[in-house]
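By letter and in written order, the chains are A, B, C and D; residue numbering begins at 1 in each of them.
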């Protein structure tokens, strides 16, 4: 048991180290970081000054070592765009992405999972087809397009919902729906196939032989078993959610990290980009760790070892 | 309908609310607030480092100029009115300015000649290592800036310069507080700027929002609006929906094709001004890259003659602006403007083809660097022009890049740019000499696209020194002719700025894009 | 089992049409995809008033024929998606095969790489790399090709592991077959169906990714065009000239939908094969 | 009959359209009485399991509604509404399944799963239920009932799981118990225990038991009456003695003739020089991975075996004894840690790369499951020809050899162009044998090669192996858990347990006078050992069964 966790944590740390190294390599190979940071207009003296300031004249491995230490301690540097600590800039955006992300994530789960379950137990019915068609619709529509359509309908024509920005829960509705649509579609499809697989198992038949009622079989026997792979996919979907947030936050002028990334990338604000990449990676890796934890809790075959 | 916001604001946690701005002050409670949806905010709000279309529209709300251009009394803004300076007089190479007394910066300190002098000082603008190096362009010829009293100061120039007051109507005329500026440094100042304007900056997050709050100690009396939030809303659809549904009081940057549709909504007023500014592109006339075919002027002539810019402008702007047939012959130059000036390189595909035939050009790819979504309609025009050049056998690839740093990265054969024409109002000094002369970034920067010809330099010097109108006009025409002989660039159209606001607001949009939310420019009705 | 559902027929027909149009599309219009007609800007499609009969689907903001645009966009989007899918599938599957064959530390390292990739949202990587290295078609294709490789790697490792533990694979080893014969002739055809299902999942995802990137301005660059680019370009015109983005949007939607339907069908048919995979 | 508990009358279970026959079960009538064990016996596809499922109302949804009657306590189960029927199943009629580990929900403690039956059908308190469950566990002779109560299925052995299932089934003292091949997945010793348990329970509770099996040994052990089924129809029904010793139907007779019995034989004369000498084979399984370590299991522990030309060496033992690992070590599908392997006098253990691949020709293997042993996407002709082709024969000659072998193995030459899924299990196993023999090996390993086959087919395949050995003279390492089969065909038998060979000898002496307790236990557990059928004098498998038509 302990070994299981030690391994998981070791893997997590290694993954993060990979990410840091990846960012370092990208920064060093994409061009002279000094030129990127001070601009092509800078005089040679300025460049030299900057090089010394950031100690970019050290051997690469020293720079690398220093870099890993800095990243590990959250020193992402100063934004070249507005001169503030990157960690502060990101910190003020995170709550917004969390609000949006959680809201749409929970919404997606609440819609996608039950829809998938119903589709599975009504397999082949018109209902199943309808749900699956809707699910495919959910992820076949580019989310920025869906977002703009919603703005035009709900803000411009009907004037029911605010068009963009933040302020009230009403502001949250359209971006959350846009973001949740994709995830809900994926979840519904996956839940369906996970349920179908479990429903075929002998223990479900054995439960029926015991006289367990239909819905009881579904809810108490099939669902807990189907939830094991489901938890994994829900965890993996967090990444897609973050990816989707990049676009959705831009459409709805939502001041989260996704939009920050877009602005930082387009202004080549290296320090912010690397900070964001690392923070998102940490989030994802931690989410995966939580998934593993849940997995262990749900599945006694992992939890209890002889 | 009306309950949803009330309910909504009750439900959303206080935590999220407090991040938008500080709580309202009781004494300002009776004044309304404004929400303005903008397409973008510049990262830095220092007066010179922060020069951009997106910052200029906000600047006059928290900075004051020394001298003001009065667009209320004069359509073209050619009347110079006192603002922070109340009086000015020229004596040979020296200009004496008297400052308004009792003007306060937002931090409560009084503005004095020390601040004005610092604002124009070599250490800030034109010395060896100035804080805001772009200031050099605007202070050419400055020799000495010195306080002569608490409220008086002098500017001495190398040669007599009749245009100093008009130069102070621009970016360099925004007075900054010396003490605070020196304390925090230019970068931090750009993030938390302080001026003497009617509003003070309370929140500035460049990727997101800028909040201005009424500065009730403003020398001209309290401003009409309690709080102005400039929020970035990148999508036009969201800006438009927000204006129509009255979430926003103002929106800016409306695509030309959408103006008509927007105007159809009730209570929406569209404002459009022609700005003293021209999107353009520069030909890279230098042999860098080595095989640059554009070093041959015939190819440049051909390319100019292949462009049907009038049709493009008509298509893209619906006749709201126009293409200057002869460069630098701009209508805003009053007496300098001559509608009958001959067009040297008119639209003529046959002539263009003939010119291409005279060159060694063999269809090599010419790279045109363009900044993404920077000048309205620029990319669309570029797409059209690329096709028109294809007609005459010139192969141009328009590369849309995210920012100017990428645009400035060689190799390129052409690059986008824009040229303001208002540094000295009513005089072609800026576009012709300042922007192309020997100190211009276009001829000095690492990414420079041309080396001014000796003749251009010689004619330019003559033009720079000419103070008498007739003499100056003659010099200007000669200089312009030399420029056209070389044709290192192409002026496309006069910029159009637009914005729209809700009903219940009376608003005068300044032609340079400034959105002044005070005085005679803005009223609630 | 023999009965094929009408939905599936619909999906296959749509895909077939898409491919045919992409290949011979140019016969459907006499206009070039970048041929402009400034006098015929923003013309509505044929069934609306004010339309121009030579532009059945209308024109865009600089008077280009939407039929030609959408076809060119379809060609590009399909090519990118096909190239990307092939690269990703081949690369990812190769990694999976290698991991499954060598086991041990090779497998650990490769799977760690997979974890690493899975820990970063792909669009994040794409944005970063495109912004830093500049946008080029080559990089773009490579990036699209990298998309989903980790899914192929995971999947193929799993199915290969289970396949090479199947008695038939052991029997073939026992016959004295080399690794090449084992993997290429026997294992690959047997895991291919699982990989093909994954292809039907990745393919629409690449189209959508390209669309998102176009929206952010990092996708296919003009004068080339893609469905995503047309869609993104037309978004400001949705309330006045909806046809600019609705046509490409519709095509994206139909292709994605059809691909998913076909994928689902394959998945259902090949279910036992997928179930055999281990994690 | 007043004692009748459950009677099935004219039951029909339709198959979906397009199947090879219209009804899975057709016009079936039988009944079970109080305290009676009725064995339904038949080969795969005979419809015996579907009969059970139809009775329980658990038929898969793709099958149509069953017709006929299933009478229980005066009610027709087929026409009852779902709720009433559910009340009967589980409380009055219980069922246990072939795969006990799969029949238990993996994420719940077994105690809870047994308790569920009480929770559904009774209003007992939690504490009372718990006590009852523990009592049940005791009754089905589970060790440590308290601990088992809190265990998860994966922590229990297959036999323990089946005991838990039986406990669940018996929870409410059902009137009828349906057991669908409950011992098939278990080892012989465990099977013997479970069978014993069933007999005890029948005696104690007077339950009527329908026991579905394919194994006549099991039938001989426990049946009161026997029903024989074939392709959905009842062939005959009668008492154990009637069916086993005096069958009326031809089909029953054929089946019985094919059933292997414990008839130990002597080592054959004239065996040649050794084709396999394996010495000191050791294989330890450890947890692999970057962060290795963990527990290790000695799967094969210092084993020596020798096989001569023409000899069949049987390797018997229960699951997990290391038989298959040893075989895979010998053929080097698994790398032994140490030990020498000589094949036809040549070193095999030390070979690598090309040399190894070439040497592989000399030793071939036939696996247990014919359904997974053939590449599903390769035509069978190509499958068989592949070996010779790899070893240098040109494509044409290889195919010619493949066709000859197909014929030799009793298959049509034309079948070479078909795919494996078009063949029955027995035919596939013949193809596997043909594939193995195509490279003319010196040694053939048959790893439980006949275990998954129906008895009639099993007999044919065994005969095929014997014939081919006769003709080609290779040695066979015959791995099986079935002592009856081993006793009939092996020259020598090695008994394996926990990775070691505990006893060896020729079948006659080994089974006649076993020395080791373990060997004795194994022998004692052989089902139906007391019964020797004399129904038919025919040689096993001379007649081709209908099962063999594709």
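Quick note on the criterion: contacts are C-beta pairs under 8 Å (C-beta built on N, C-alpha and C of every residue); 3 or more make two chains touch, one makes a residue touch a chain.
Every value quoted in this text rests on a predicted model; they were computed, and no experiment measured them.
Among the other chains, the CA centroid farthest from that of chain A is the one of D.
More C-beta pairs touch across one of B-C and A-C than the other; that pair is A-C. Averaging Cα coordinates per chain places chain B and chain D 87 Å apart.
Chain centres here are Cα means. That of chain B falls 44 Å from that of chain C.
With centres defined as mean CA coordinates, chain C is found 21 Å away from chain A.
Note: centroid distance chain A to chain D, computed from Cα atoms, is 49 Å. Residue positions of chain A touching 2 or more other chains: 148, 152, 156, 250, 265-266, 268. In chain C, the positions touching at least two other chains are 131, 217, 235, 238-239.
Chain D contributes residues 56-58, 82-83, 86-91, 94-95, 97, 99, 102-109, 116-117, 120-121, 152, 154-155, 165, 168, 291, 294 to its touches with chain A in the complex. Of all the residues in chain D, the ones that touch chain C in their complex are 18, 288-290, 328, 331, 333, 356-361, 363-365, 367-369, 372-378, 386-387, 390-391, 432, 435-436, 439. Taken together, the chain C residues at the contact with chain D in this complex read 1-2, 103-105, 108, 166-168, 170-178, 181, 186, 189-190. Residue ranges of chain A in contact with chain B, taken from their complex: 36, 39-41, 81-84, 92, 95-96, 99, 148, 151-152, 155-156, 159-160, 162-172, 250-253, 255, 259-260, 263-268. Per the touch definition, chain C reaches chain B in the complex via residues 34-36, 38, 41-42, 61-63, 131, 134, 217, 221-223, 235-241.
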